[in-house]
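My structure is below; once you've seen it, I'll send some questions.
Naming follows writing order (A, B, C, D, E, F, G and H), and every chain is counted from residue 1.
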Amino acid sequence: MDREELRAIIEEVAAGTAGVDDALARLAGAGIDDLGFARIDTDRERRTGLAEVIFAPGKTDEQLEALVGRCLELHGKVLVTRLEPERALPLLGTFSELRFHDAARVLEARPDAEPAHPMVAVVSAGTSDLPVAEEAAVVLEHLGHPVDRVVDVGVAGIHRLFSQLDRLRAARAVVVAAGMEGALPSVVAGLVDRPVVAVPTSVGYGASFGGVAALLGMLNSCAAGIGVVNIDNGFGAATLVHRIASSDGGDR
Amino acid sequence: MDREELRAIIEEVAAGTAGVDDALARLAGAGIDDLGFARIDTDRERRTGLAEVIFAPGKTDEQLEALVGRCLELHGKVLVTRLEPERALPLLGTFSELRFHDAARVLEARPDAEPAHPMVAVVSAGTSDLPVAEEAAVVLEHLGHPVDRVVDVGVAGIHRLFSQLDRLRAARAVVVAAGMEGALPSVVAGLVDRPVVAVPTSVGYGASFGGVAALLGMLNSCAAGIGVVNIDNGFGAATLVHRIASSDGGDR
Amino acid sequence: MDREELRAIIEEVAAGTAGVDDALARLAGAGIDDLGFARIDTDRERRTGLAEVIFAPGKTDEQLEALVGRCLELHGKVLVTRLEPERALPLLGTFSELRFHDAARVLEARPDAEPAHPMVAVVSAGTSDLPVAEEAAVVLEHLGHPVDRVVDVGVAGIHRLFSQLDRLRAARAVVVAAGMEGALPSVVAGLVDRPVVAVPTSVGYGASFGGVAALLGMLNSCAAGIGVVNIDNGFGAATLVHRIASSDGGDR
Amino acid sequence: MDREELRAIIEEVAAGTAGVDDALARLAGAGIDDLGFARIDTDRERRTGLAEVIFAPGKTDEQLEALVGRCLELHGKVLVTRLEPERALPLLGTFSELRFHDAARVLEARPDAEPAHPMVAVVSAGTSDLPVAEEAAVVLEHLGHPVDRVVDVGVAGIHRLFSQLDRLRAARAVVVAAGMEGALPSVVAGLVDRPVVAVPTSVGYGASFGGVAALLGMLNSCAAGIGVVNIDNGFGAATLVHRIASSDGGDR
Amino acid sequence: MDREELRAIIEEVAAGTAGVDDALARLAGAGIDDLGFARIDTDRERRTGLAEVIFAPGKTDEQLEALVGRCLELHGKVLVTRLEPERALPLLGTFSELRFHDAARVLEARPDAEPAHPMVAVVSAGTSDLPVAEEAAVVLEHLGHPVDRVVDVGVAGIHRLFSQLDRLRAARAVVVAAGMEGALPSVVAGLVDRPVVAVPTSVGYGASFGGVAALLGMLNSCAAGIGVVNIDNGFGAATLVHRIASSDGGDR
Amino acid sequence: MDREELRAIIEEVAAGTAGVDDALARLAGAGIDDLGFARIDTDRERRTGLAEVIFAPGKTDEQLEALVGRCLELHGKVLVTRLEPERALPLLGTFSELRFHDAARVLEARPDAEPAHPMVAVVSAGTSDLPVAEEAAVVLEHLGHPVDRVVDVGVAGIHRLFSQLDRLRAARAVVVAAGMEGALPSVVAGLVDRPVVAVPTSVGYGASFGGVAALLGMLNSCAAGIGVVNIDNGFGAATLVHRIASSDGGDR
Amino acid sequence: MDREELRAIIEEVAAGTAGVDDALARLAGAGIDDLGFARIDTDRERRTGLAEVIFAPGKTDEQLEALVGRCLELHGKVLVTRLEPERALPLLGTFSELRFHDAARVLEARPDAEPAHPMVAVVSAGTSDLPVAEEAAVVLEHLGHPVDRVVDVGVAGIHRLFSQLDRLRAARAVVVAAGMEGALPSVVAGLVDRPVVAVPTSVGYGASFGGVAALLGMLNSCAAGIGVVNIDNGFGAATLVHRIASSDGGDR
Amino acid sequence: MDREELRAIIEEVAAGTAGVDDALARLAGAGIDDLGFARIDTDRERRTGLAEVIFAPGKTDEQLEALVGRCLELHGKVLVTRLEPERALPLLGTFSELRFHDAARVLEARPDAEPAHPMVAVVSAGTSDLPVAEEAAVVLEHLGHPVDRVVDVGVAGIHRLFSQLDRLRAARAVVVAAGMEGALPSVVAGLVDRPVVAVPTSVGYGASFGGVAALLGMLNSCAAGIGVVNIDNGFGAATLVHRIASSDGGDR
């Protein structure tokens, strides 16, 4: 609850149109939809620009169905991440408005009228990084951004990147997904002036330690202008890019 | 060297106004100023929006003086980070246009006509996080951003943060510096819709492992819209925020 | 064996009602029930307030059955933790007094007359943390505490927690289970004056390292009044809370 | 700000004794004392049972003096931890009510009328663990607890512990500070029924990794009823014990 | 694209035999074969001496088939590493020129006329290290080197190594694959004067941490002349040895 | 090959009963039995007191059968560790002299006339540590030691250990297998004067990190007289105890 | 207190020569000498074969002097480890029977009549490992063992070791101190049949991580018969060797 | 001692020109020069191509002087690494043939007639990496290689590298020293066909962990043909390059 809502309630109290107990109850219960096992944060989109998203792992099938149904009722849209295809199937049967993105493991229903946000780029170093890059790309599309996908431009043959720089410069921000040594974001950030959101992937073997090597490479980049998200967290990269790109212009 | 420059040189060759050897030399030497022990990347500002910055540790006093002098000649401005006060003194004597920020350990000369970029906020969780926050704030001011500093709003008394939310919402982006468990960026990103750049600080003891606990906390945030930079890397946070905030509007 | 028992035996020796060899044997064998592959610590409840509990992993089905049977004979109750449902089934068939808690993976037989201990709260940050929270809650109920379960109050929408603070303040102590960045215990301990027992869960991905990020977050909390237990160790949290809450009043 | 205060302000609005702007300002500024570089959480003691404590590292001498002075004004008492003796000296000169505990590195002024809280025990495994144990003991005494110090009862000669068990059983809760393998809390928790707050110390060498070995030993204890705090965090142990021991009885 | 190619294009422009747009397109597109999901670096063999190799994990069956087919068209040869036997089968059916090496998990088609490169040795410490050693050996044979395999000469019976030293001295370079403590490369490098490429294997248990112990042992070798590659990376060892051995003589 | 053998060969050369080439061949080939994929160290028992042992993981069924057969021919006995029951079955069918120990996962054929070595003790902290303890016990029995197994004497009920101390004192050396915090070896070494060989087990969860917590606990023991072996390495513990116990008396 | 002492006290009670309170007091206070800040374990030598040893770090000068004085009174000997030379000086002035070993940083007074224990060997890989090896050697001499020091036989020139094997075979047990990759114990244990006590040293740089690389190398040794102690823990190695070597023969 | 020397001695025995005891003594003592605290491996240069080198840390001034003097006598040259300038001074006074390289911290006396080995390149990413690169370069010059130093070509401005590729292609092998994310070796190995020896440096801050981030980046390189040495180990890189480059041609 922010300052304006708070002021509105207190002004009602001052005006006598709301009682004290009513005001207290509204202050306590605002922005929560209680499902028993979960409390949907119904206020989140207004507050942070992004409605609550359902992270599938660790939730039972029953919980998933209840959450998806309630989100559709509340918002007319829903976004579920890290969903295995076999768990998506029954949900697709129950809710006809859903669509499943296999490579990205994302289930979603988009709002009818999509907002028109700036174009963003999603770059992947190698073929094995595609699932993570796709999670970012699909979430960004869900949020209303045209996405330009640039694939297989890893640093072992860096001329493949150079021929694509104009595409990166045309984007409002750039997601770069890379595993192994995670050097691609450094090179990209040294060549273009867009904000770079780096996603380490767990691609690699041996001393890659499930993406830790790539994560450390990105955190220690000698290039400026890079923000890092968690390993394999395409979703997190997308939400940061959305905040960067959706708040252009406006009243600030 | 980008597409336009490349085209320009080739068109000169086609027009016969440039010879082959001359063209090759210009292609090879473009954008480099060779000091012997270093090659200043003179093209970096045009390419990435940020001129080359001097990271002081590991450089000798002679190298520092040469680099500062050359940058001033080339750009009329300079930025040196992680500089100990006793090493700043002789430089301040030699170059009268320099100014040293003690808390931030930053030495700089700003350009005469500063660009007018959007306002950004720099938040610190506790008093001990101030040096890192100051590094971010001073670099942002060097780059032309008004900076709103919000101090001492750690999660152990979270109402202190709530009374400052309007300041955060008024900023184009928010830097959050925090040590110990590093929870503040999660709370901030759950309350406002601005891009949050999280800087873990090495403040803490015991199992904080020099900032690793805070770093992990930020990478694993349950809130969306956070990009993380290296431990104590106020400079890195500033450059990411600058890319986010300086590229508003324009031809994209 | 404590001072009183020791005194009792020595007084019998002094009184001539016990021989030296008999006394030595009683001193050596006291409080142990030997099953060959295990020695049940029959004295533990009197000594520490909690009878020996059976940790299922690494035990064969035969060992489990023997231990459960013997505990029921000795104490009229039993508690088995980390038990897979398929291993619980045959035990439920053999011993009719048993009850299995699926979400908590706990098998138990409660004593007939449960003690009436103070109410405690068990808080979980997200839906995925519920299994760990349930282990804590079921063990606390087994030990005689009414449990108030507070679910889905993670820091990404922190107003959901604020509306529940009165429930936490009404409890004698509070268990907080959280994964990812593990920030919830810090926020709770900054808002209420109850002892907070923090349980990191292995919920998360990437650089959460199976709960290590949450564990470090909790150990490095900037808030006071938090004790941490092992990752996913709902049982450990329950036993600490039981010691805190069961020893109120009394002769001290 | 809790429910009662909130109700009070809203009732004033409803009664017309407070205006809307006044109410909003009181809601925003409540419980904060702004020093510019810090915001003292003046509400913390009422909310959590413990007034704000000053952690010395990373603060300048000027900041320390300002904070100590303001805390004395606000509360008539103050507690500073991790203070080097040479930094304590000028403060002792300025504020005559202060007292410095050398072994514990704690500076404090106690309130005139100390509360009478239950007795607690502080156990240390070896002589080298004494500074950490002393930090816990002095903080507990500051908070109004009689403290029984039990020293040098490490597991290499475990009979030294057995002769002290009655002292532990007489305490409301037990702090156990131990370095090296950190086994003492396991043994203590297996012998007495008091809540055990385990503090790993950084005492050791080689693969003790600055207390990590002891920390892991305590988290993985095979005994029940142990809560762990950060390495060398005697202060944290004291605050948890204080919450455990100070909230006995009462209306819950 | 290297200096000679660049000069050639610019000379064509100067001579008027190439237009500006044509030259720019050739500069941008050179050395890339775009498959949509991947961009084959067709220039890599000329540039680095090794054509692009297909790392199988993380690629779909469709992607593998397309890549293998295209490589065969482009180069008349192909090399696929880390391929499970069941994934090799359909490829062997489709492309008759392929051959699968089971122990090495390598699929390849060799060029018709193999180059004749110097002999190299591949040493394995124990039987369990053979798969990694075989990956190195098969890749080296693919690249045109005769390979002398020296097996089971671990340091627990070091006289087994001594009787094989002449074979190592006859090789141009030596790959040494070892797990557990990874001491064999140190001993080899202390006995012969050949470059030693050390491959830690993930063979071991407990505190071998999946090959980290061996990796650290090799990096910290007290002997000179050792280069280390990633854990289990027989392929990487082979490519380094190929660069060492294939560039003998020549115009340098 | 040791000094005596070397002298014997050289004396034959001096006496003219051996030629130079023959001597060199004997020096090179001594003590090796070459199976192609492995070189059995036939000299190891004489040199180190323990014939070569077969570590099963990473070997194919064919390699295992060849190695077992050859060892039986060479030594009339064999020892295979870490063998899964399903892999033991065919070997038991082929070689009738073999015996499989299920709990220890050890396959062995003992020599006809076992040596009579001193009695040793194998202690396990909990039921889950039994497989590791059994590996140690069976290997020790294979090597000719009577073994006294002491089970379930973990530190959570330490009086269970005290009643068994006489058994430990009667042994020549003591193996202690423990997981979780790994505190038992410290307590044992503080109570008896036997050499203690500590085996950390991977029993535990959360921050036990697969036995690392127990390993660190044992390495950092505050008690003297403890040697540590790798996690779960019952075999390694047995071989160290064998060296300790088998070399009593003699000519040293 | 062991069985015999316990029996003696109880028999006195049975005989009426000791009262109940007196017996209880003797049971409680046995084997402890209370100095206030420390409880000397006076019973330790009889129980474990080694009197209490003073680990200097973390103790104040006053505590050191009191402990040294009391140990001399109680035992007529004393052993202080990890003592800086400047802290040894005043103690040498106060107690004339003391002797300081500079390289080993050990202060000691030996008993008048030294026991005659078996000879042991202390091997060091390089010159930098000498301080740790010396700590082991001096402690062993304090305990009555002749020590054969074998220096500078690292694996980079392994023939230097071969010429010393007879010295190792003549020892009852062998301490091997090595840093860097820590491979020497593996090679030694593969060549001689003595128990090998491996001490990793913190010698090295880069990824040696203060001795962790050597520690892991030793724990993962492919050779049998090695027990490992903590990094730089020459004292621990000596006490294990003492238990191994001093208990030969005797009444077992 | 290798096969030829062995054969020579045995042939002398066969010919009667050497006795058995004499032969055994020569076999045992060959190639060792015993200084008491060290055994110089006089045979190392012939065996491995590199005479023994003195690693200064951990050696006393006396030991250094003795080793330097003896090496000069034996070989007429010497190489000391990691030597602080203040420790070099007295040695420069004693031995007039020595020369100290300040940036590289290397002290050396070169042989009169230097061998003429192939040219090699030493590349450093940034100014702070120069000391490590210089250690490699000076050692290579000591060993007889012309060295081409390529400085300040880090990936944040990668065009600086492109203009230097011809220099790298002209070298027999390339050393690349880089800190921070350590990406430069990947880019170099993707552009030229020379063997690349990658040296991670400890340059960086925060989560660079003293060079671990760079080390992991290099081990996980997506480019082929890279061998990695320890952090800051310029010496190790030089010795590997020397083995690669010095053995060209010859009789193999």
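Quick notes
Simple rule for what comes next: a contact is a pair of C-beta atoms (placed from the backbone, for glycine too) under 8 Å apart; a residue touches a chain by one contact, two chains touch by 3 or more.
Computed from a predicted structure; not experimentally measured.
Traced through touching neighbours, the fewest hops from chain B to chain D number 1. Common neighbours of chain B and chain G under the contact definition above: C, D, E, H. Between chain G and chain H, the centres computed from C-alpha atoms are 38 Å apart. With centres defined as mean CA coordinates, chain E is found 58 Å away from chain D. Computed centre separation for the pair chain B/chain C is 49 angstrom, with centres defined by C-alpha atoms. As a whole-number value, the distance joining the C-alpha centres of chain F and chain G reads 25 Å.
Of all residues in chain E, those touching 2 or more other chains are 3, 44, 126, 156-157, 189-191, 206-208, 212, 215, 219-220, 223-224, 230-231, listed in ascending order. Chain pairs that touch one another are A-B, A-C, A-D, A-E, A-H, B-C, B-D, B-E, B-H, C-D, C-F, C-G, D-F, D-G, E-F, E-G, E-H, F-G, F-H, G-H. Of all residues in chain B, only 3, 6-7, 10-11, 13-14, 16, 19-20, 23-24, 27 touch chain E in the complex they form. Considering their complex, residues 1, 28-32, 36-39, 41, 43-44, 52, 55, 57-59, 63, 82, 200, 202, 211-212, 215, 230-233 of chain H touch chain G. Put simply, chain G touches chain H in their complex at residues 126-130, 151-153, 156-157, 159-160, 162-163, 203, 205-208. Contact residues on chain G toward chain F in their complex (touch as defined above): 2-3, 44, 47-50, 53, 118-119, 165-166, 170-173, 189-197, 215, 219-220, 223-231, 235-236, 239-240, 242-244, 247-249, 252. Those residues of chain A whose C-beta lies close enough to touch chain H in the complex are 125-126, 154-158, 180-183, 186-187, 189-191, 204, 206-209, 212-214, 216-224.
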